[in-house]
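A quick write-up on the structure given underneath.
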Amino acid sequence: MTVNPEQEQEIEELRAEANVTRRVTSPGLEQILYEVLPVLDHGFVRVLDYMGDDGAVVQAARVSYGKGTRKVMEDQGLINYLMRHRHSTPFEMCEIKYHVKLPIFVARQWIRHRTANVNEYSARYSILDREFYVPEPEHLAAQATSNRQGRGDVLTGDDNARVLNLLREDAERNYAHYQEMLNLDDNGDVLDDSRTGLARELARMNLSLNYYSQWYWKIDLHNLLHFLSLRADAHAQFEIREYADVMMDTVKKWVPQTFSAFEDYRMGGAHLSAKGLEIVKRMLDGEDVTQPDSGLSKREWSELMAQLGRES
Amino acid sequence: MTVNPEQEQEIEELRAEANVTRRVTSPGLEQILYEVLPVLDHGFVRVLDYMGDDGAVVQAARVSYGKGTRKVMEDQGLINYLMRHRHSTPFEMCEIKYHVKLPIFVARQWIRHRTANVNEYSARYSILDREFYVPEPEHLAAQATSNRQGRGDVLTGDDNARVLNLLREDAERNYAHYQEMLNLDDNGDVLDDSRTGLARELARMNLSLNYYSQWYWKIDLHNLLHFLSLRADAHAQFEIREYADVMMDTVKKWVPQTFSAFEDYRMGGAHLSAKGLEIVKRMLDGEDVTQPDSGLSKREWSELMAQLGRES
Amino acid sequence: MTVNPEQEQEIEELRAEANVTRRVTSPGLEQILYEVLPVLDHGFVRVLDYMGDDGAVVQAARVSYGKGTRKVMEDQGLINYLMRHRHSTPFEMCEIKYHVKLPIFVARQWIRHRTANVNEYSARYSILDREFYVPEPEHLAAQATSNRQGRGDVLTGDDNARVLNLLREDAERNYAHYQEMLNLDDNGDVLDDSRTGLARELARMNLSLNYYSQWYWKIDLHNLLHFLSLRADAHAQFEIREYADVMMDTVKKWVPQTFSAFEDYRMGGAHLSAKGLEIVKRMLDGEDVTQPDSGLSKREWSELMAQLGRES
Amino acid sequence: MTVNPEQEQEIEELRAEANVTRRVTSPGLEQILYEVLPVLDHGFVRVLDYMGDDGAVVQAARVSYGKGTRKVMEDQGLINYLMRHRHSTPFEMCEIKYHVKLPIFVARQWIRHRTANVNEYSARYSILDREFYVPEPEHLAAQATSNRQGRGDVLTGDDNARVLNLLREDAERNYAHYQEMLNLDDNGDVLDDSRTGLARELARMNLSLNYYSQWYWKIDLHNLLHFLSLRADAHAQFEIREYADVMMDTVKKWVPQTFSAFEDYRMGGAHLSAKGLEIVKRMLDGEDVTQPDSGLSKREWSELMAQLGRES
């Protein structure tokens, strides 16, 4: 269950709000404010609040580059220019706050990004819900052999079923023992009056890394785009990419012009090294460059050819 | 002149906006949104945007400390508790954006606070206005003799007049030469067709540190309070304190409960060292402690007695 | 096992190094460089590198406050002054790098401190060791009843034994299933040729939060002291406090003058609110103040009396 | 004068130090430690301290990616891989501390980089020296006409001479009046016993932006490379580029393998947008793409052609 009925009720009330403000608003983002955007089996992303829109980026760029800029470039052109030339400060003028429910192993990757504000649900004070992540069978990938980091083919048949069973059984058992140590039942009532419950801050250590946690996460648009460029990338782990993909949609609704520039210059682009650029120039001049005479290692050569959509 | 008629017109239009939003609003801050709050002779502070209110602090604290908290403490009590125990992350859930016009020597102190987002008017691209800060005669203080940092008595008579004249004349002359180097007049037109103007990024170096600059400055509430605790303090230079004082008022309008806790626990409080606390305990037990038997240096002793409002 | 024989050998080689440098050195810290300082049942702290010493703090303060300072204050007095007046930037001139082995639930508290550089052992690429934390029986505390966060009395008899058994058995079982999912044995060899192993990034989610991880953690002295003031505090969870205590010793060896000031002004001191300070003044003037006429809530009153070492 | 005889003496003493340490050392950087590396007419860069070397980057990467990495890649190959794939945290394990003397207008650009530790000479406490920057005649560039930011041709004849005179005369006069307001002469003695000197924190505002300041600046290697990639770039103002160029040399001496990767992948490379990459692919397939059918604006097209070294 992603949210319980009580939470659903609360969200509906928040969505019924219609406050008057002198601030700029983003009509696209207002549409989905507070909504539960499901991710994985029990997780979600919700936009709780925001500050600024595409216009705020443009306005900040113009305070830096002066009044004359207005004549030369239209808004989209200016945003493209900023993105292309990595002028990051105007994008820092927008801010967004998310409520995220996510497995702990995903939270541990996510928190590496330090330029955000975080308030996480504390298992020192509160009891975690009985909710854990189990992948869909089609996402139970084998260890990649070519690449120490990535995933290979999907496990089949018995291999697949065995993993799912182990994950489920261990998570269930660990939770049952968590409750036994706390000496509490599902309703938070004492299980056995003759026993004393362990401190919450200790009992939690028995839970596995697929248990769900929750946090509020607030970040400026520049750092959010950096986060998304890493976490919506094909090298990121599938589970965190699922969150990044949902957040990409929220950015598109919030600041469509910035999102368009981001897609063109960051997500879709390619970075060439000095040597790589030299090779492209030679190829454009008609030379038939091969790996041995490229000056690149085999790995670099195959990465470059992949970027250029050519066989290596 | 703090703002020109064109800017005044723009501000009036912004203030006439009435957008509908699902976000929380701060009625107190909405009242003064976009308004020019004058500081010093030509400077100002304007609130351009904000995210969150006292309720957002409480909400973040409750996600951390769990549902049960609600019963135990009312909002003001919870905010007081967070402030007293230096739980900073819930205050990071609110964000504010200012537009500030300030002398360059004030900007140089201000920018030391690194946890903010900044977009400054660039004198590489644009021409700075002929606006510089000259203190009021009653703020022309002498160098303090007891304290290498602070200010002493106000200069009188000729001493006062001489300083004001020098500041004004030098600033005016430097600006005239700035324009001469740029080969531009007050309207931005070429002064002399037979000459070539110097690059803006070079000419600006002839301006003195009392010239005004402008920036957008965006920061979260926790870091803003830290900034204000240092810059609204009696040890801060008068000129930056003038800005901090105006900003204190905006915080009071924005998050009145947080501001009340901040005044009680930060601005008005005192930090005692281990030795200082020991002395207070001995005094409370009726002992007549003196500096020689306090274990404190003379400087520390007099600082402690000042904190306790006693003669040293 | 805290470190294996291969690691021990490597550490001995590092400790045998004697390089010549023009940089300042800290003789106290050199003594223990690279050494394994044990924490909890399998964890450790090791100092891997450092930059600067007490002299570097003083030198930075003097570049800020000018030459004249030298005459007025000796080094310890200047460091005390900086600490007392929260001048943080001179302490940022020193840097230290630790290698830490710690349970994941401790790592999750630790990483909240964002102003540090971190490289953590990655369970996407590598296989975690079969090492998990189990508290000593005397640290198996019950949930506090007065305070939702803290620990109460130690569990006794069967309650104690049951918890230890559950923690050990679940951790062992989860690890066995981790290996079964990976299809690898203790030597990293394939368990069963007819099966395909799950990707490491997925299998790790079956491990519980008491499993050990490792990281390199690098931080400047100012932010380290802030970290220690929170994590060596009585409100911090026992397990992270064990790490903080060991690190306190390393700071004492590294920068003894700074550490002395830190103990006096931060660890041992007390912060009084405006209202609290007012009450102390009234008490020093001989008034017999009681909670009802103090203007403080009951909770604040009892916290103040505790700070002053008086009955509430 | 870049440094005075007293400072020269102090530097020689520091360079004569030969301390023994267990830490890793960088032989290349030790050679120039503490040395004055001159920049502009009176400025300098000095390396005061450092932590780590290329080996520390590799070591941190290996803690993240596990033991197996060692077999697969040699150190230079691993560093190249990290740089190419923007794995930034291993580079954060190295730290360096500079002492920099620089004009105030350069300091104002520099301080925008927030991820560093700074201690600046304070003109609230101390008196600034009579040292200001005046460009060499061959660097007195006109305002660019094509580009609002850059510099055009060098001013010639009278135009050049007039600017140099104005800059020198105004800086000299402003300093004379600074001293008159302080009522102090070059030796720091009182000028006129019948007058009272203005507070230093006020008098300084009369100095122009080409006056020199000094600071200690400490930063990790990852953020230093980011700083250098922006400030050693052709779009940066000439004066800050002069500092960046000198610092590039210090990085080359410190971490030669990292520097080599940085030159190849960052300084010399090119970033292509999604559209730009598509065009390169079409060109490599033999198509004769022109701006109108490229889907790029004229500005983007000419930027792309410039990157590829082709006429637009």
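Some observations on this one:
A, B, C and D are the chain letters, set down in written order, and residue numbers restart from 1 in every chain.
Basically, a residue touches a chain if its C-beta (ideal position, glycine included) is under 8 Å from a C-beta of that chain, and two chains touch if they have at least 3 such contacts.
From a predicted model like this one, the values you see are computed outputs, not experimental measurements.
In terms of C-beta pairs in contact, the better-connected of the chain pairs C-D and B-C is C-D. Residues touching across the chain A and chain B pair largely coincide in numbering: over half of the numbers involved belong to both copies. Least-squares overlay of CA atoms from chain A onto chain C yields a rotation of 180° to the nearest 5. Averaged Cα coordinates give chain A a centre that lies 29 Å from the centre of chain C. Note on chain placement: the centre of chain C and the centre of chain D lie 35 Å apart, centres being C-alpha means.
Each chain gets a centre from the mean of its Cα atoms; for chain B and chain C, those two points are 34 Å apart. In chain B, the positions touching at least two other chains are 65-66, 68-69, 89, 112, 118, 125, 148. Partner chain A is touched in their complex by these residues of chain C: 103-105, 107-108, 111-112, 114-115, 118, 124-125, 133, 135, 140-144, 148-153, 155-156, 158-159, 162-163, 166-167, 170-171, 173-174, 177, 180-182, 195-202, 204-210, 237. Remark: chain D residues 65-66, 68-69, 77, 80-81, 84-86, 89, 112, 148, 230, 235, 263-265, 267-277, 280-281, 283-284, 297, 299-300, 303, 307-310 touch chain A in the complex.
Residues 14-15, 17-25, 30, 33-34, 49-52, 56, 59-61, 63-69, 89-90, 92-93, 95, 97, 99, 117-122, 125-126, 214-216, 218, 220 of chain B are the ones touching chain A in the complex.
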